[in-house]
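Common to both upcoming complexes is subunit A, partnered first by subunit B, then by subunit C.
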Partner chain A sequence: MAHLEVEGICKGWEFPVIDELSFAVEEGEFFVVLGPSGIGKTTTLRLISGLETPDAGRILIGGTDQTRLPPYRRRIAMTFESYALYPHLSVYENIASPLRARRLPANERDKRVKDVAELLRIAHLLDRRPGEVSGGQKQRTALGRTLVADPEVFLLDEPISHLDAKIRHELRTQFHTLEDLRKVATVYVTHDYAEALSLGDRIGVMGTRGRLEQVGNPRDLFERPANLKVAEHLGQPTINVIPSRIRRDNNGLFLDSETGDLRLKLSGESEAALAGYSKDHVIAGLRPQYIRPIDEAADGMELLSAEVDVYEPLGTNGIMMANLGSMSLTALTDPEKHYETGQKVQIAVDVSGLHLFDADSQVRLTGIT
Partner chain B sequence: MNHATGAMTAGGTERTQDAWRHVRYLFLAFLGLWIVFTVFPLYFMTITAFKSAAEANLTVPTFWPQEWQPRNFIGVFDERTNFNALVDSFVIASANTALSLFLGSLAGYAFARFPRQAGGENLAFWILSNRMFPPVAILVPMFFLFDNTPWGTDSHLSLIILYLVFNLPLATWLMMVFFRDAPVEIEEAAYLDGWTPLRAFFKVTLPLVIPGMISVAMLCWIFAWNEYLFANLFVGTAVRTYTIVIPTFTHGSQTLWNFQMAFSLLALIPPVTLFILLRRYMVRGLSLGVVKG
Partner chain C sequence: MAPMRRESDTDHPEWFQKKRKSRPLIVARWVPIALVGLPVATLLAIVIYPTVWMFYHSLRDTNIQGLFMGTHSHIGFSNYADVLGSERFQDSLLHLAQYLTFGACLQVIIGTVLALTLYEFVKSNAIRTVVLIMLVIPMMLPPSIVGVLWRFLLTPSNGAVNQALLNLGLIEQHIEWFNAGISLWSIIIADSWNWVALPLLIVYSGRVSLPPAVYEAARVDGASQWKVMRRITLPMLKEVIAIAFILRFTDAFKFVDLVYIMTSGGPAQSSELPTYIAFQRGIREFAVGEAAAYAIIIFIISAVIITLFLKYMKGVMRARGFA
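Showing the complex of A and B:
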């Protein structure tokens, strides 16, 4: 039985924010809710924690209905996006707060606070006030306050989004190694797909009104996005979206972009996806790593002429925006090469990376199986 | 071409700077006048407190005492009850301040966190507006009202309660503003730590508004300490505030300005001391390092 169960919860103020949201998180599972800002991710956490009461639906923790239980009676720990540290208390007292609330004996409290501080490498800061430590250290303090509580459910609201890149990566790797987080049910909210792919045992991609567009393991989500929204949300640079037309002739199945600039012969996989599909129009999605500028064509490779619009050298790779007639494509390039705006390039497209979506519903085409 | 443009721009800047310099001088002159305006009464009060009764009553005043008479400060206590008046004022002001803060914090918290349940912004403003009418308008009604209480008008309790009419709206409104500035997330974090709302209030919310509370306390205390209009009508034999005592320093038809000023100076000591002691808290920021980043 799942440890945390969210059953059809609804919440709205002037307009609905969460509409019939359901999911379950197993004990020891790290569940990531991924979605753009303002979509209802934080509201979801606030509902689970009891800071808000759902208009409808139930929240079960450990099999018992806790929908109406006030937050201080639930055994839930939550980090806030703003950290929400107590500014007038030392780092030590901030971390000790849940233990003081439970009136734990002083020596045990002391031991647990120091253990957690050691683990998070903030033991030397215990006497400082939150205003006197850095952003990353604030986040560690907030994390310490949740870890020390020994809760049944962890809720982490964008815990590392506001830190600079280096510390963000450092903390992200630390989430992997924190045993306590791996023992209980954790819900982790983020808008950063890389965090989600890195940390999630399972990921739920949240769309409008708190609808979960797709729930699955990171690999599934990335390789088989259920719809265009999920495909667009995962991956940086964003997937190329190409509204296209299906053309069938004696030589097989072809994909023509609506602009007419791109004509691709479809591979067997795509053919399977299109089996039983009667419409002419589809939306093709192609991740930038499947589009590459190329110097010499290998056998059987179809090359397209394009012109560089913008080139961003990023060290480990480069991002090229290229114009193919009236169409713009994003391509991932090798770090050694450099390109100038206006430069003519040859582009190879690997059709095995194609995702096909229904032109109207934007749902992934999987073919008839 | 470029040169010419450069020179013109420079000239323009100089002219602007000149204009600003004149404004600055005007401003300084105004400030100087203002200082004279505010400091002169204090100065005159102080020197008068040291003058003899005869010198204090001269038609053409002296601006420096011809003869220093520090025993005025002891003379004001020839009437033993005069010291009690200072004590009475102190008790009334302090008790009223404590009550204003306690009730004002509760009400302010309610308005800040549960505006809808507490009656909304309009109710909060209506409470504040109670401070806007001229107090004299309710002078007589208040007298009859308190005259009908078991303890009557001539009591500490009456004045303590009466001054709530003025101090409680102010305390409520200001505390509401301070509570509104205290991030609600900190309270929520406390709930999740397992603190009940009441415990969370005392653990995290109240400490955040203490600097604001101290400012409110100062305002309330000074108002109650200095109040004259109502005290003049209410007090009799059981209680006398120091403001009532000051006009009693007369000798026959002669006003003892020196005694009045000496006593006033003594009455200035408590508020000034309080202000100096608490100044540090009054300027301190409300929320330290709770925001993002």
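Showing the complex of A and C:
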């Protein structure tokens, strides 16, 4: 039984924020909505929670229509991007607030608050106020407030996006280990693709007007993006987008960049993708990890001469912006190497990592359809 | 991500070096001294010197003649003893307590209730603005006008207030608004009309700036309207309400204008506040020494009360993690 079903909800008439959005989240599933800011992710959560009412469409929780119910009758819990902790109440009281509103007996309330605090490792902070704890601890308090409510649907709005990288990673792993989250339907909203890939059982990439560009498991989304937008959104550094022309001659199938600086011989999967494709132009997407500066050419490798424009050493690897005549490519480099601006390098391009998109619709080319 | 410039690790970029080298000494040495010195001198002249002067004369038997002839002598703390022992001063303290409780305090409470009612129940911004402007108008009138206006409204025989109450059938006969025992209430009514919008504005703006997400969290939790008000809104407005109290209380200690215009402290000193007596004794009757003692005593009382408020606020702020 699907626990949360969203059926064709719309919000806003003249300037629709959400236009006919539908998806379903199973019990125990962690569904991540990924998209750039201002695209309607938070609005979606607010509609599910009942803080706002959709102009059209239905929201079903546990099979019953709850579109018109007020938030507190919905068995949902929600964390807010700004945490929304009560600043004048202690961490304990903040976590206990949903239970107080439900008039749970004091001893049971106490037990549940302490259990949740233990689980989230904030038991030693219960007497402090939100102003006296760190950002990560605030976030855990907010999470505790939702966990304690024992809901059927969890709505998490960018819960860890505003924390620094180290705590973000720590909390991310904590999300993995929270059993409670694995028993209910969870909708998790974020703009960070790494969070989405790490946490999501399924991911929905949201485009304009709340349209889901692609829904699938993390591997699918990363390896087979349905369109250019999805490909651009997933991955850091961003995928190289190369408007190209297809050239066929006796030697095989070639991909020439519009600028003429890049000529690649297609083979295998990318060749298959173009089967039955009649247009001349495509957009090629190539993730930076498939472009590497190289010292000595191995057999059969095509090397391109380039000049380093910008180089960022990041420890575990480096990011190089390389100039090939009039076009620029982002490449991932090995950590041991260092490059200077203006340095001449040879780069190798691995065509097995190519994604090809239709030049007009920007939809992925999959071969004969 | 910003590109890293390796060559700039040791050498500063050109624009920075240039700026550092060519920066001239713009001001002469006396300029900073003058800039600090002038305000300090002004402060000394108009605040510190008069205060010290006042304290000095509170210990002497200065009157108008003595002030100009320089013939006043040290009498220790007997001015203070006279003031504290006088029935006039003790009565005025009771009047002050009455004014603080039913004037200043009630104004803050009513202002808070009005502000939160306006915010919670009036959803139209236009209506809110109109109501706010109407409530604020009395604050823009000079106190002398307010005094004269209310004297006029409260005239016993055919004043507007008595007429209205008679017409509504709330009273049988005229209320003698300026008789002993009632005149201070009249002043309190006029003052409340004049100033209730100040706490209202403060609390209203405080309420507007509370984070909306907290209220949404409360809605998801399922807290009732009343519970939200009692457990979230009021606690979060604590320090704002404290500020309203502080402002009204400091005003209470310099509250002379309406007393002077409406009743002149009368009848029979029944509506005198300590400050009014100090004003009366010092400026009207030139008992400079005694008036100075009054002023010092009022200063001490007000300092104690305001310190208590500030201490409370500090506690609230610390609990929020501000201080």
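Keep in mind that, in the parts below, the second predicted complex is superposed on the first by the 366 of 369 C-alpha atoms of A that agree within 3 Å, B and C clash if a C-alpha of one lies under 4 Å from a C-alpha of the other, contacts with A are read in each partner's own complex, and residues count from 1 in each chain.
Simple rule for what comes next: a contact is a pair of C-beta atoms (placed from the backbone, for glycine too) under 8 Å apart; a residue touches a chain by one contact, two chains touch by 3 or more.
Treat the numbers as computed from the prediction; the structure is a model and nothing was measured.
Placing subunit B and subunit C on a common subunit A by superposition gives a clash between them. Of the two partner chains placed around the shared chain by superposition, neither subunit B nor subunit C is touched by A:Gly28. Residue contacts after overlaying the shared chain place A:Glu312 against subunit C, while subunit B stays out of touching range. With both structures placed on the common chain, the touch criterion links A:Glu340 to subunit C but leaves subunit B unconnected. When the shared chain is aligned, subunit B and subunit C each come close enough to touch A:Leu51. By the document's definition of touching, of the two partners only subunit B reaches A:Gly135; subunit C does not. Of the two partner chains placed by superposition, only subunit B is touched by A:His162; subunit C is not. In the superposed model, A:Gly252 makes contact with neither subunit B nor subunit C.
Looking at the shared chain after the overlay, A:His88 reaches both subunit B and subunit C.
Once the two complexes are overlaid on chain A, the subunit A residues touched by subunit B in the first and by subunit C in the second are 49-51, 70-72, 76-78, 80-89, 97-98, 101-102, 129-132, 145, 149.
Subunit A makes touch with subunit B in their complex at residues 49-51, 70-72, 76-78, 80-89, 97-98, 101-102, 129-132, 135, 138, 145, 149, 162. Per the touch definition, subunit A reaches subunit C in the complex via residues 49-51, 70-73, 76-78, 80-89, 97-98, 100-102, 129-132, 145, 149, 310-313, 319, 340-341.
By the touch criterion stated above, subunit C contacts subunit A in their complex at residues 1, 3-4, 6, 211, 213-214, 216-224, 227, 231-232, 235-236, 238, 319-322.
Residue ranges of subunit B in contact with subunit A, taken from their complex: 183, 185-186, 188-197, 199-200, 203-204, 207-208, 287-293.
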